Amino acid sequence: MTAGAWLCLFSPLAGALAITLAGTRISRTAAAWISTLSVFVAFGGAVWSFFGLRSHGSEHGSLTTAWTWLESGGLKIGLTLLVDPLSTMMMLIVSGVGGLIVLYSVGYMHDDPEERRYFAYMSLFVFSMLLLVEGGNLLLLLVGWGLVGLSSYLLIGFWHERPTAVAAAKKAFVMNALGDATMALAFFVLIAHTNSLSFGTNFHVHMSSTATNLVALGLLGGAAAKSAQIPLHTWLPDAMEGPTPVSALIHAATMVTAGVYLIARTHPLFEQARTVELVAAGMGALTLLVAGLVALVQVDIKRVIAYSTMSQIGYMFLGAGVGAYANGMFHLMTHAFFKALLFMAAGVAIHALSGEQDIRKMRGIGQSLPWTKWAFLIGSLALVGIPPFSGFFSKDSIIAAALHAHWYGVILGIVGLVGAFLTGLYTFRLYFIVFGPGEARAEHDGEGPWTMLLPVGVLSLLAIVGGWIQFAPFWTPVTHWLEPAARTLVVAEPTNTQEAIASILAVALGLAGIAVAYLMYAKRSVSVPTRPKLQRALEHKLYFDEAYDALFFRPAAGLARLLRDEWETPIFIGETTKIGDDALWVARGVRRIQTGLLRTYVLFLGTGMAVLAIVLLVVK
Amino acid sequence: MTVGDFTSLLIWLPIGAAIVIWILPLSRYATGSLAVLVSLAEVGIWIEQAARFDFSHGGLQFSQKATWINDLHVSYHVGEFPFSLWFVGLTVICMAACTAYGFWVGRDRPRAYFGLMLFLTGAIVGVFVAQDLLLFYAFFEAMLIPLYILVGVWGGPGRLGATVKFVIYTMAGSLLMLAALIAYGVHVGTFDMLSGPVSSNRWIFLGFMLAFAIKSPLFPFHGWLPDAYRQAPPEVSAVLSGVVAKAGLYGMLRIAIPFFPDPASYYRTAVMALGALALVYGSLLAFRASDMRGVVAYSSFAQSGLIAIGLFSGTTLGFDGAVLQIVAHGFVSTALFLIAGTVERRTTTDQFALLGGMARGRPALATLLLTTGVISLAVPGSAAFAGEFLILAGAYHRAWWWAAIGAGAIVLAAMYMLRVISAVLHEARGSTVADEALDLRPGELALIVPLVATLLVLSAWPAGITHHTGTAIVQTSANVTP
Amino acid sequence: MIHTPHVDWFAISTMLVLLGASFVALLGAVLVPRDARRAFAATVSGLGFAGGLITSIWLYVTSADGHLVVSGAFYRDRWTMLTQIVICGIGLVTTLVGAEHVARPRNDHIAEFFSLLLACAAGMTFFVGSANLMVMFLSLEWFSIALYVMCAIDYDVEGSLEAGLKYLIIGSFGSAALLFGSALVYGATNRIDFAGIAANGHSNDSLLVLGLAMIIAGLGFKSSSAPFHMWTPDVYEGAPTTVTAFMSAATKVAAFALAFRLLRTAFPAEEHLWSWAFAGIAAASLAIGNLAALVQRNVKRMLAYSSISHAGFLLIGLSAGSALGGRALLYYLIVYSAMAFGSFAVVAARERELGAPVTLDNLAGFGWERPFLGVAMWFFLFGFAGLPLGGGFVAKFYVLSAAYKHGWAWLVIVGVIFTLISLYYYLAVVRAMYMRPSEELRLATVAGGSPPRESLLHIAVAISLAVSVGSLFAVGPIVDLTKHAVAALPF
Amino acid sequence: MLGPSIAWYLGVSALLFGVGALGVLIRRNPLIVLLSLEIMLNGANLALIAFSRHAGNGAGQIFALAVMAVAASEVCVGLGLVVAIHRRRLALDVDRLSELRG
Amino acid sequence: MSLLAAYSAGSAVVWVVWIVAGFACIASGVAVVSFSNPFYSALALIGNLGSLAVLYLLLSAEFVAAAQVLVYAGAVMVMFLFVIAYVGPRSEAPWAGGPAWQTVASVLAAASIFLEIIVVIGLKAGGKLAHTDHVNATFGSPGWIGRLFLTDHLLAFEITSIVLLVAAVGGVILGSHTRRQQEEASLT
């Protein structure tokens, strides 16, 4: 099974390298297929290790080290893979959904001149993501963490002639670098206390509570940055500058959910730092609310979906925060399915309109894209959490778990329920506007090549049935499967009644949301309430970008310019030359003594002698 | 007994070749190829040594000793510790690349040029293998002579001022070092770096330290740096920042800390503070620099600061990380300057305002610049990342804020490096970028790819260095907290 | 009936050889036809110096145990002989340069020139071995007078005459001071021989101290150390470059060698006085020499100032007064004289090809036109600056170590700081030779077509180069020589 | 010894030396400068002879004789220079010979 | 008694001679320096040399005194007068020319040198210099000098001759015409 893991990890890397080195010697299509193949091979590896783990029993996770990556003093960090239920699950999701999306890109990117580069980046991303989830120690996890950031940067900025794309890419990278930095700091604390970074061992050593809290905070910082949680979320909407499949893969299915994985992976630490864990939960709740609200007013189809992603991840954080790791992970999985589906369906539409993303201009595209319309509907229903679609099973269990937690849990649960209403509202606002009646038509007949439709179909199916593998509390194979890796806290083991309440309320609110959306945007019987101030605030995403610009970027840039103009140029570069000039000035003085008059010279000789004699006579 | 045993060969082979080149009236082509061959032979000798190096006992190896100034117990004593092995490797590889670059661009007055490059190679290697203080000092200054002429003759329009400032600045430091080492050596009666006892004289320590601080450079001794790096020919800037600057850091590692443990710990906070200042200040200025070389120059200034922090953290992590970081950054900045050179050859400038959009249709250039840039901003998984991680982990032992500052600087590094990448490669095509400006030619690839490949290898296995630095020698005398 | 003392002719054979050659050359001036004179005189001079080298080396080998000869007037020991070797060497290379570079219309006085050169060297070889104040004074005057004439020998050139007169008058003043000082010392001790002075002198005798002060002034003048240096730049600039080269190298060797012997042998008890005095003078010379050199455009003049600053370094070794100091002094002298001579020789070559005084501006591009001379020049200059491209590096290190061992850290710092300053103008010359943009290179058009063939000059420069570079590697042997030489002095 | 003690003679010699020095320092005519140098040397000579008498050993007198010869030689060369300068139609004024300076 | 008288009388005579000679010596020295005409200065120097010779006699250095008169007053001064005659005696105000500080400083320097010597001698006058050894008659006599020259100071003697020779050569070189000068002369 470890062999499967290695295969899973390295085949995408091999694909990326192959495409890079081959360069223009292979055709663009060939590059596309190499990449696709490599990712599906990875999926094969994932399946292999999954069944391997099954046969051993999921409690027997196993570590395998290729070589010592970094070693100094007592610190020894190997290139180590961990195959345990958690990582296997993530491997399956990443390589599976990834494979489908890469396949989708084969069609989607077909006309792009730099296809090769694109697919190399895609493979690289899949490799990094797999490294992240398979990494057998924190440092390796951080490596994967950074590399996904890198490849996300590359893919967001893929169309590098667009200044907006480049800017968005930079923004994403810098914010993630911030997260990396906080994680690194957390690791320094760990090293200082335990001189090790491997999972397991140092999670149960007894550090001072402050140290534990610091570590947890650092990790949380990383998680928030990667998963676009408030306040480190501003990069995600801009990231939509990238090609749609990229959004589907990185900014919906896999990378952005890494934060949840991190919390689940390091939950022993978080459990020793309850307050931080609650901060995580609160952060999730806040994000899901805010994102839901902002999503209501966005007009770019991808941005709307992006905000919904943020809010869904908010749910996951909420779940993980209250200790329902399994539920969080479960929602992560289903979310991967239906959110990827939504993105790709949207992608079909955008593709059909050759790049149009403004929903007001996309009105009525549904007529020419019937299948896509259905797929989008399925995705939306799953997102809102209407039974029997997958979202229902995962999301409600999170809310239920929250409700069962202490008093704060109740608040969080209620926020979650409000979120459910908002979800219904913005999702179907989008649906009714885009696929409602209108005059937009596809520019080419047919909904696209099979390479695009097949993944959409598969994901639609998964979006429906994906949730059926767990229906807490009656049937919990996922939770059970994850038991050894991320044992859900007893406190969050909900009772049937709560499950029932949660489900009923959530579904009801979701339906309410849909209804309101229907009235407003489909029948237009109810006019959209206009609160200009609020609306503008929401359209400006609550001014987060402006705030950061004013708070961080401008001061830094200003300081830099100040240093350059006030210090560097005049002092450190200018002053040195001034010293030289002073020396020369003195030199000219000395030179003036040399009058050329013989008598002066004799005078100096005589005076020198006299003075010397006096001195010697005095000191003798 | 193979060539590897003769560390002196590494020093005198290139110098001898330089003299041959100066004397024989060879053709431009012959001169260049001879120089490149010799520099490659250096690499070969080094590989031979690295292969036969016995890391298990970290002591001095391949050592040779001969009396020089018997009157004052000064000897010609060379040899390699594990870490010096890495420094030498960095030197020979980078020098080979830079010499080859000079050959590729066809510098005029080839005999003078290549002779000086080879002379420089020998001198730098000498610095890293010298085991006698005066010998070390001799090579430390010998580096300056070829550099002065290389910058002054083949440099840019402002070269005259730049060279004077560079030389005077560095000499100011190294002459005080001369005073210091006379004080030390005459006092203890030997200049040998193996038998020399530790001293607790703060003035002597400061004398040495100033020289190294100027060479590295640390804040605020960097006044010479921007002009020199901008005016020198690209390959010389590469040598300057990639290798020569490292001599200062090597000095701290080999002399300032182990020979003066008490002063070193007394001034620890001060030096670390200067390093931190260099780190932040350099990063900010790099973020504001308007040209590619400026960014690389200031970023290597910042890196020196970081490495100094690691060295003076006085921890094993810090030491090993510093050694790794020195090697990694050496390759990074060499590669970056060479790439800058190739860009300048195509566009006649490295001003961001006039560049842009070079990625389109130039995949090789784009890939190499991207890879190098990303490594230099220490993306997790890169060798630079491993180095910085260890350094900061070591610095954390002293106080948390060192690590915090370092982490902040990593973010800044991301900002200025991405700025370089996008300003050169991305967005609208710059006014000086002609369509017919070619992608990297095979010749250029042959120079730069090996450097990048080395970096990737290091990234895949940083432990190869960090586990074989042998800084234990240094630390034992410097009573370092493990 | 007078019992003339036993004369150890072999001990003074170097002077005899040189004098003999001098006389032959003088005869040549009248007997040999004008067109053959230059060749003849140069050959004679070359042979003379070669012979002097041989005898002095032979004497060095054979006089392991130093002793007085000719009724206590002359030291036959290795200190004397080593300096004699150096002086003869300088004379030899001077001959090589002079054969081509003493430009006199239709070879007027060329033979006399070489005759004077030989005589001057003979006087120096006598000077360094003199054992009493009288011989010292006389031999000093001997070579000084020869030098006065050599400086002025280009008397068609006003500068040469001016240099000669200035040198003569200031020199006479200096030697008058030296003489009066000697008289006072004689009065204080009733002795004129060094050993006797040491035996009879009391360090608190004001007569003696005053005499010492005046002697120091006189010697300071000869070694061109501040504040007795004022004549140096003018004379070096005005004198024919060949003479300047000889002066800058040989005079320093003679003056410092004798000064060290005199102080060690005659005034050991007053060390606390003269070592401090010389330390001060050293600092002054370093300061004035280096600072004034910073703003010079005329290369000869700049080198003159630099020679003042090097006098400062030599004085550091001298003032240390220890055996180590003596060794450092001798080593420095050997290296310095090679570098100084070489650099002036290169200037001479440029001067001849331009037919004008060499300035930094008209030096532009010289390095590329005359590669060998250019490279040699930057070896000399970097050597002056103490960069490890020649013995200059070891020499500086050596004298500074001596000073530090003597407990004078402050002097080390002073030396180091002014070395830094000196770097500026040495590098300026290299900059002028190599780094001027091409439009400035056009300044360096050669007067009268292609540069003249100067094989002898090249040989001379090559020898200086070999010494200055070789001394970096062959430190051990040279130090052994100096060890034996210093062993001849009382400590 | 009859008459004044050595100290008096020395006083005279010192005065001569000083006067000679003053002459060198203030006179511009090279001939007079040379004459002043002679006076300085004579002062030294007087001192030598006085000390020789005082100590009763001959070295001083020998020295003095040698100095006379030396003085003669210096004068010889000096006058030669003066003649040469005159031939070059330069002013016999040491202040005017200041082409070399700085 | 009479001896004492004779002694004191002789002493008185010596004193008188000394005063006269010493005064003449100094006066002529000052004259040399302060005459505006080199010709007079030269003559004054002769006077100076003569009076010095007298002082030498008082110091019982007969041979030196003789040599002084012969060598100096004879040879050297004649040479001087010739040259002065050749270049033509042109007058020059002693204190004129040059910057004022130059003159002042010159006086100060000369004075300080003089004073230092005087002070030192004064310190010694009472002690060491007070009593003088008694010397026998041969002291300073030509024979005695010659013996010294040929024994103790042989080398000095030889060198002296060489110095004179070198100077002679130099004088010849500097004083002689060169062709170029003659050409110039013929041109003008």
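First chain written, first letter: the chains are A, B, C, D and E, and each begins at residue 1.
Here, a contact is a pair of C-beta atoms (placed from the backbone, for glycine too) under 8 Å apart; a residue touches a chain by one contact, two chains touch by 3 or more.
Predicted model only: the values in this text are computed from it and were never measured.
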Touching both chain C and chain D (chains): A, E
Steps in the shortest chain-to-chain touch route ending at chain C and beginning at chain A: 1
Most remote chain, CA-based centroid, reference being chain A: E
Of A-B and A-D, whichever chain pair has more C-beta contact pairs: A-B
Geometric centre distance via CA averages, chain D-chain B, whole Å: 66
Chain centre separation (chain C, chain E; CA means) in Å: 32
Length of the line joining the C-alpha centres of chain B and chain C, rounded to whole Å: 43
Euclidean distance of C-alpha centroids - chain D vs chain E, Å: 7
Shared interface positions of chain B, touching two or more other chains: 164, 168
For chain E, residues contacting two or more additional chains: 98, 106, 109-110, 113, 116-117, 120-121, 124, 152-153, 156, 159-160, 163, 166-167, 170, 172-174, 181
Junction residues of chain D - those touching two or more other chains: 10, 17, 20-21, 24-26, 28, 34, 50, 52, 54-55, 59, 62-63, 66, 70, 73-74, 77, 80-81, 84, 94-95, 97-102
Touch relationships between chains, expressed as pairs: A-B, A-C, A-D, A-E, B-C, C-D, C-E, D-E
Residue ranges of chain C touching chain A (in the complex, touch as defined): 165-166, 169-170, 173-174, 177, 203-204, 206, 209-210, 212-214, 216-217, 220-221, 226-228, 230-231, 233-234, 270, 273, 276-277, 287-288, 291-296, 421, 424
In the complex, chain A residues that touch chain C: 580, 583-584, 586-588, 590-591, 593-594, 596, 598, 600-602, 604-609, 612-613, 615-617, 619-620
Interface residues, chain A side, partner chain E - complex: 597, 599-600, 603, 606-607, 609-610, 613-614, 617
Touch list for chain C against partner chain D, complex: 133-134, 137-138, 141, 145, 148-149, 152, 155-156, 158-159, 161-166, 168-169, 172-173, 175-176, 179-180, 182-184, 186-187, 190-192, 233-234, 237-238, 296, 301
Residues of chain A that touch chain B when the two form their complex: 20, 23-24, 67-75, 117, 139, 142-147, 149-150, 153-154, 157, 160-161, 163, 166, 169-170, 173-174, 177-178, 180-182, 184-185, 187-189, 191-192, 556-557, 559-561, 563-564, 568, 572-573, 575-577, 580
